[in-house]
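Both complexes shown next keep chain A, but they swap its partner, so chain B is in the first and chain C is in the second.
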Partner chain A sequence: MRIKKLLVLGSLILLVLTFSLAFARGALGYYPLPLPRVRMLASWYLYTTLNPQYTNFTAMSPVAVAAIVWDYRGLDTLFETAVFFLAVVGALTLMRGVTLKSVLNNANNKDNNYGLSLISKTAARLLTPLIIAVSASIALHGHLTHGGGFQGGSAAAVAPLLVLVIFSVYFLLSRGISEKPMFMLWTAGLLGIYLTTLAAVFIGLLTGLNAYVFQNQPKFDAPVGLPAQISGTLISGSLFFLNIFEYLAVAGEFTLVFILLSMPEEVVKSFISGETYE
Partner chain B sequence: MVEELINEILMAAGTLMIVVGAIADLTGSIGLLRFPNFFVRLHAATVGTIWGAFVPLIGAALFAAGYVELGTHRWFVTGGAAVTALLILLLGPVGSHALARASYRSKAAIPYPLIHDALKEKFREGGKE
Partner chain C sequence: MRFVGKVLGVFFLVFIIYVVFSGSVSAYDLITGVLVALATSVITANLVISNPSKLIQVWRLGWLLIYSIRYFFVDEVRAHLDVMRRILHPKMPINPGIVKVPYEVVSDYAMLTIANSITNTPGTVVVDVFPEEKAFYVHWINAVATESAEARKHVSEVFERFAKRIFD
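What follows is the complex of A and B.
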């Protein structure tokens, strides 16, 4: 035991010394700052992210991260969303046909027989609306402050997760947070993202002007763009809508996965082995 | 003149609460290391959450409210600290309660040295919690 402690201490000291030596000798690179050409790219982003005088290049969002994620490299984020979509579809395929409806009708599962104590349940009741409110503010302010749709959606999914742990999966399902509504929420979010990416194209078709898929602000050869402000409030064109729809999609997806993961093993096995059909 | 006095009092009270919080955190961490079993260690940990987090956060809120040099932004600090303090006040006891209950019921933590176990007697008599 003593030797183990000494070994841990010795290896920690060795780690610190090695890193100090490496820093001192310049082994981790002689530039404490990024290379000049990388810095130029960063200053370009900072210069154009909210610059109303520079109409053809700006993203009209004060948060460069949000602007980069949904405007400068918007297609990349769209494909990330698609990868996540496929992952959840894979999980759904594994669990296809599995429902808790038959178990739900059992009278034992309807009561508050499951879950933690009354104290925990009361705290969860107070906390769940707060979590939803905070997550919505993260998503709705995604174009103004740090945060965004994915972050807000993951925070929102904590609320059903809390209910799952503190109450039970039966409680969540009996309150209407079941697979189908979550699937609808998710689909609505993805549909919203799809329509927002095509919004500029629709405007272009109506006005007869050139427009691009995933266009946010006007460009020099495509003068259509989504409104950067609504009656003086900055919404940063497509960023606001993309954040909202990503929020809905991610919240739905995560809740769906949590519900699937919390199904009792016996129920899932009886479905997968073909003993039960719905 | 009165306003300055109020600000001074707010800042003094805030500083005092932050100092109390630091002492409570030290006490709680010593208890966490030195106490013999899980349940009393949990007690030491909750000393750290209420006296060591809730009280200094209220102190920070008072201090920011009195610190005029911060300008209007000090109300953001006050509001944020107060809300966080209230959440900790609500959730700290719930968390320790859930931990203690789960570890008692699952017998994951053995209460030793044990002088009196009232809950056990209650269960033996067939009573519910």
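What follows is the complex of A and C.
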């Protein structure tokens, strides 16, 4: 036992020393560590991200990361959302027709027979709305500070997850947080993202001006764009809307997956084998 | 009416947390804060609050403030010093054990306050709670009393006095 510990310690020290030597001798390239000065591409983003003088290039958001994710490289994020969408659709397809309705009506599965201690349950009751408040703040300030729709939505899904683990899946479902409302929340979010990406095009069609799909701020050949500010408050055009809708979509999506994952194996099997159907 | 009271209670709680977390009181934060607090409070009101009439008894907030100051500046400091002494003492004078500590408060939040106060002070940890017996099982680094009434005097009497005034 002792020899094993010494071997582990020795190998860790050896690893650190090897890497130090490699760094020092330049074996991992001339710049294995980030450069002290900002690279050209980064300085370009930093210079244009919130710069009203460069109307053709700016995203009008002080957060370069949010601007890159939803404006400069917005299509990339859109397709990431689509990939995630397909993954959850796959999970839903596997679990098609499976529902806990019949189990829910069984009196044994009522509230207090499951879950952790009363201490955890009482704390969870108080924490649930606070988690949603914090997650909403993360999403709604995504164009102003670090965070955004995906991060906020993931944080929001912690609230139902907490209830799911500390109470039970039956408690969550009996309170109306079930598959269908979550599916609707998710779909509403995706629909919102879809409409936001087309918003500039709709404005263009109505005004007869040139416009692009996924356009945020006005460009030289497409003078329509989404408002960067509303009565002096910065909303960064499409970034604000995309963050809100991504928040709804991700929160619904994760909650849906958590509910699916917490279904008892016997119930799922009885549905898949065809013994039970609704 | 009862539901409106519950919603209002959660509304203010969520709104304050939202504004504090956002760290700004611009019009944008206040407007989005009201919207978020409204939506959240309607969804979670029944989960969070069971008796909204206690919310207008403002002296409870006064007791909460007094208890917070007392807890963090007196009870916590005392418990930390005690555990520090035990760690640094060459003989490590500990006498660990699990004792049964009864409680008399009625509401769940009062029970939670006592349980978290016990766990958050170093040296004592609530292992489990039995609401039917109205008792905690507490792991205690220096179990000087094993009899439950005596143990309660050492572990949770102060916490319980305040918890009763704040939540019961």
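In the analysis below, the second predicted complex is superposed on the first by the 270 of 278 C-alpha atoms of A that agree within 3 Å, B and C clash if a C-alpha of one lies under 4 Å from a C-alpha of the other, contacts with A are read in each partner's own complex, and residues count from 1 in each chain.
Operating definition for what follows: contacts are C-beta pairs under 8 Å (C-beta built on N, C-alpha and C of every residue); 3 or more make two chains touch, one makes a residue touch a chain.
Only a predicted model underlies this, so the values are computations on that prediction, with no experimental measurement involved.
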Counting residues of chain A touched by each of chain B and chain C, the higher count belongs to C
- Task: Considering only touches as defined above, state whether A:137 meets chain B (first), chain C (second), both or neither.
- Result: second
Check your understanding: Which holds for A:123: it touches chain B only (first), chain C only (second), both, or neither?
Key -> both
Exercise. Given the touch rule stated above, what does A:97 touch, chain B (first), chain C (second), both, or neither?
Worked result: neither
Check the residue A:181 against both partner chains and state whether it touches chain B (first), chain C (second), both, or neither. neither
Dual-contact residues of chain A (chain B, chain C) 117, 119, 123, 126, 130
Per the touch rule, the chain A residues reaching chain B in their complex are 116-117, 119-120, 123, 126-127, 130
Chain A partner, complex, touching residues on chain C are 10, 13-15, 17-18, 21-22, 26-28, 32, 36-37, 40-41, 43-44, 47-48, 108-109, 111-112, 115-116, 126, 128-129, 131
Counting only contacts in the complex, chain B reaches chain A at residues 87, 90-91, 93-94, 97-98, 101-102, 129
Listed in rising order, the residues of chain A that touch chain C in the complex are 117-119, 121-123, 125-126, 128-130, 132-134, 136-137, 140-141, 175, 233, 235
